[in-house]
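Two complexes, one shared chain (chain A), two partners (chain B, chain C).
What follows is the complex of A and B.
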């Protein structure tokens, strides 16, 4: 019997998910022996044409990381979807949109303007903005189109399973790979991580007060975090109480608050909304003025509560008025 | 109900109102029995307490076609469950800030304390909010998914692919 075929692909991502695969260390050798890697642009020299030449459904499983925000990424994941029996959204960006998804607070025109015309690192006087098509003496050149809106993988193609995390923890990857290669397929749509909040695994669990209140929001860059006490009780925005566990509480071990990369548990639809609900109710004030003052101390609420999940949120992207919106004016 | 709806043709705002059982819902009931007229643009959802409101409910309302969302609860100190309305207020202030950053105009989202006896306040708030939103116009949130029905030959139809990414 031939070995199962596996593909890895990346879209709008930082490369950390690829690193996570390599982080399997010697275990990766076991995986490599058990499977045929038929496509992995970061490590192996296969091309898109090689994938196109395969029969539909001939890849056992494709691991796709990164959010989807360009026509090229969409074409690639659509292609991989057709060629694969199983597609796994790998990492926060593919799962919920991830950090690139915060671009959904802007639109394409504004981003291109900032990056190519107005940023201080741009040579002043530059007027060149990438085009999808340009004719030069040698012929016509094309570039993929940047989308206005960043999407999570399942907003573009059907996804069978999810491996959450930024990046997914090695033990969860290993477990997922073994489970699938052994044919013990979980329910479609399963998130391959425990369905309990991180506080459960927190080494500081015992120090979480019964009645937790927040009088002031603090940032780790401004105050020192006591390494032995519940981080949230100290006023630092730790999202462990609304975040799925499975990461081994590595950030807490490193004395940093949980930022929520594993996403919500299955009972929650919108991670940011739930996190806002949980955190706001802890604010130690009853009148509007005082509450507002405490909330003012919170830096960048959208970026904090939706750090990894804006595209997958209910609102999905910033609202563009149908008539005046920059988004609909194109690049 | 009133004829406000017919004064301006065209756009009729859709407002989802979450009223707590003990105060605001009772007030709305009172407004009804007292035959006070107000804009028929509100769909009232009764909740036991304003503190029950998960921000997800509010976002879902917007996602599913509401042009505005109104929360009504007991006055400070009067919550049937002691502190539910304070929780609602904290969540509201934070959520409002996030909504604003997401481009959703402030007038679309409002919280009011309305006691059981204040039928007239129900009337006034609903009329005001309807007018505000009528001026703001309908809320059209961008659809989330690329329609599953749209199938494209890989690499052949760039325009169609781009269109489904939310590009005009």
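What follows is the complex of A and C.
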């Protein structure tokens, strides 16, 4: 019997998820032995035509990382969906839209304008903005189209399972791969991580005061974090109470607050809204003036509370006038 | 604790009942179209309309369909849940289903009464019905719990309303805590000279009741005290009362006045609050001769001992029982009560806010409350109404509606001013024989014997000028006006602007909510109208109840009213409290929060947010836990819980999201 076929693909992401696979260290050898890797652009020389040539459903499982924000990415994941029995959204970007998803606070025109015309690093006088199609003496050149809106993977294709994290922790990857290769398939739609918040695993759990209150928001760049005390109780925005555990609290171990990459538990519909509601409950002030003062101490609320999940949130993106932009948003 | 399991088997069977409410709903919402729409919604097996769902035959429709096995969940689209949720839950229960397998869609207050367009109203009604259907499909059976009602009652405020409510309850054998902020009970009524329209001596009819309060074995009277904390819920309130130090032992003082006599201040030097600052009192004083309790009080703001520490304290030496105690400190009393009657009264409008009436600027301009003291035999002048220079006034103008019926101050009518102005007109005429002019907008005298009193005043040669006074000043234009206050007014009956020179002016100030009404409202978790009056549960049918069960209203804290209305309302509030006590127990809404301990991460977020102290942290297992008996179902912890481990019966995330989906799908 032939070995199960596995594919890896990346879309709008930083490459960290690919690193995470390599982070399996020697365990990767076991994986490589157990499966046939049929597609992995970052490491192996397979082309799109090779995938197109495969039978539908012939890939056992595709691990896709990154958010979806271009026509090319959509074509590729759509193709992989057809060829795969199982698709796993791998990492925060595929799961919830991730950091690229924060682009949803702008639209395409504003982003291109900033990146190609107005950014201080652009040669002054540049007026060229990428086009999807241009005719040059040698013929017609094309580029994939950048979408107005960044999407999570399951907003474009059907996703079977999710491996959350930025990047997903090695132990969860191993467990997921083993589970699937052994044919012990969980419920479709399952997030392959524990369904309890990180506080439970936190090494500083015992230091949490009974009366957890915030009088001032602090940023790690401005104050030194006491390595032995609950980070949130010190006023640093640690989102461990909102975030799924499973990462081993590595950020806390490194004396940095949890930023929420593992996403919400299954019971929470919108990570950012829940995080805001939870954190706001801790603010120690009764009058509006004092509340405003404390809240003003919080830098970049969207980037903090929706750092990994804006596209998958209930609001998806900033408001666009129905006739604005005109760019098509893919599937 | 987890969600009670769903006792109904299989797929939900929902009955939708759409009420015409006579023409209230049917005139705006296309009922037939709405019924057809409801019939096609998911899980709906019965969709019916009826003229009055709240009637017996209406309720019977629901019960029959449940008994016939056609439905196991109910949606009634009618009025506000405040009106009839209990009715229909009951009907659902009588039919044999769990009463909480019910959801109400409010298509009257939220739709037909507030929507002009018929089509728009129908769309809105459909959306709300769809929401209710989506929601009820996820409802689960719930059980109500009963808790006993504590038989003691707290009455806040010792004016006539608080006094009457306390006595009524105490006479019924209930134990009452009466808390009054001032050193004595009596309130405003104790300051009045006479009462309208019978011209009874106010003190003569009030002080026996004050003494009865003091003497009653069932009443614990705490004057010079304030409620500082309220916890709990109907039947089971825990109240904290701060007893301010009066530096005189209440149990030892016999009210002999020796201490006041002995004070190093030979004469009164500080404004006497009881006399509206028209006389002076000493730092140690008794507000008035019939003060209850008749116990001296030392004002630390003015007492030489507290100011300088150098006083020889002759008051203490003079006190034979040794009641003067400078080392007294404030005391916090904690009591358990089952119900609360708020009778915190009103504040008279500050006449200086209407600058053009010259109050505080010219001599001989008084507020009505000041005049009450000035014409009172026990008042600062022994009942003689004199001008600043000692002369008797030859003419007095009484200006109605000061601070009332005026969009610049208060838009409402203060209800009592016309009548007390007539009373003051009579008293002033009687005492001084002056010419008395009433400047009124409309004469409002509804009440038993009130119009007759007005008739009487008309015959007593009191002048009535119909028009709102524009300005009061002393700018004489002719010799006859010199040395007088000139009242400028448009006499609307003769269509002329008049200048009326008088010696003295009485400003009939209106009634306002107490300045700290909002703080009191928060303390007791009730609502205020935008003017600051405490809000009754229903203006017609629950005038002394509030939206917080077990908290009742009496007197002018609910809105301007005269003495008979205050007394009637106090009796009603006492009756409501008695009904609650005699019922013995209350059923609690099962909309409580609960922790799914399997998934609680022990993050502590919820511990601090509960206003009822219902959540505790169990250290051994690192989980939060809700005490269902203390939980009031406010949902604060559920909103705060960062990982969704806290959920609330009747308000689970799924139920709310599905309800929203119902609206969104059908708008």
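The rule is short, and it goes like this: the second predicted complex is superposed on the first by the 322 of 331 C-alpha atoms of A that agree within 3 Å, B and C clash if a C-alpha of one lies under 4 Å from a C-alpha of the other, contacts with A are read in each partner's own complex, and residues count from 1 in each chain.
One rule holds for everything that comes next: contacts are C-beta pairs under 8 Å (C-beta built on N, C-alpha and C of every residue); 3 or more make two chains touch, one makes a residue touch a chain.
A quick note: this is a predicted structure, and the numbers were derived from the prediction, not measured.
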| item | value |
| --- | --- |
| Touching partner for A:277 - first (chain B), second (chain C), both, neither | both |
| Touching partner for A:307 - first (chain B), second (chain C), both, neither | neither |
| Contacts of A:269 with chain B and chain C, given as first, second, both or neither | both |
| Partner chain in contact with A:105 - chain B first, chain C second, else both or neither | first |
| Partner chain in contact with A:240 - chain B first, chain C second, else both or neither | second |
| First, second, both or neither for A:291, with chain B first and chain C second | first |
| Chain B and chain C contact sites that coincide on chain A, given as residue numbers | 268-269, 274, 277, 281 |
| Parts of chain A lying in touch with chain C, wherever the complex brings them together | 195-200, 205, 208-213, 239-242, 245, 264-269, 274-275, 277-278, 281-282 |
| Contacting residues of chain C [partner chain A, same complex] | 599-609, 617, 622, 636, 639-645, 647, 653, 657 |
| Residue ranges of chain B touching chain A (in the complex, touch as defined) | 54-56, 59-60, 62-63, 76, 86-87, 89-91, 93-95, 97-99, 101-104, 137, 139-142, 144-146, 148, 152, 154-155, 158, 161-162, 164-168 |
| Of all residues in chain A, those that touch chain B in their complex | 52, 68-71, 74-75, 78-79, 82, 105, 108, 132, 145, 147-149, 151, 155-156, 158, 268-270, 272-274, 276-277, 279-281, 283, 285-288, 291-292, 295, 298, 301-302, 305, 313-322, 327-330 |
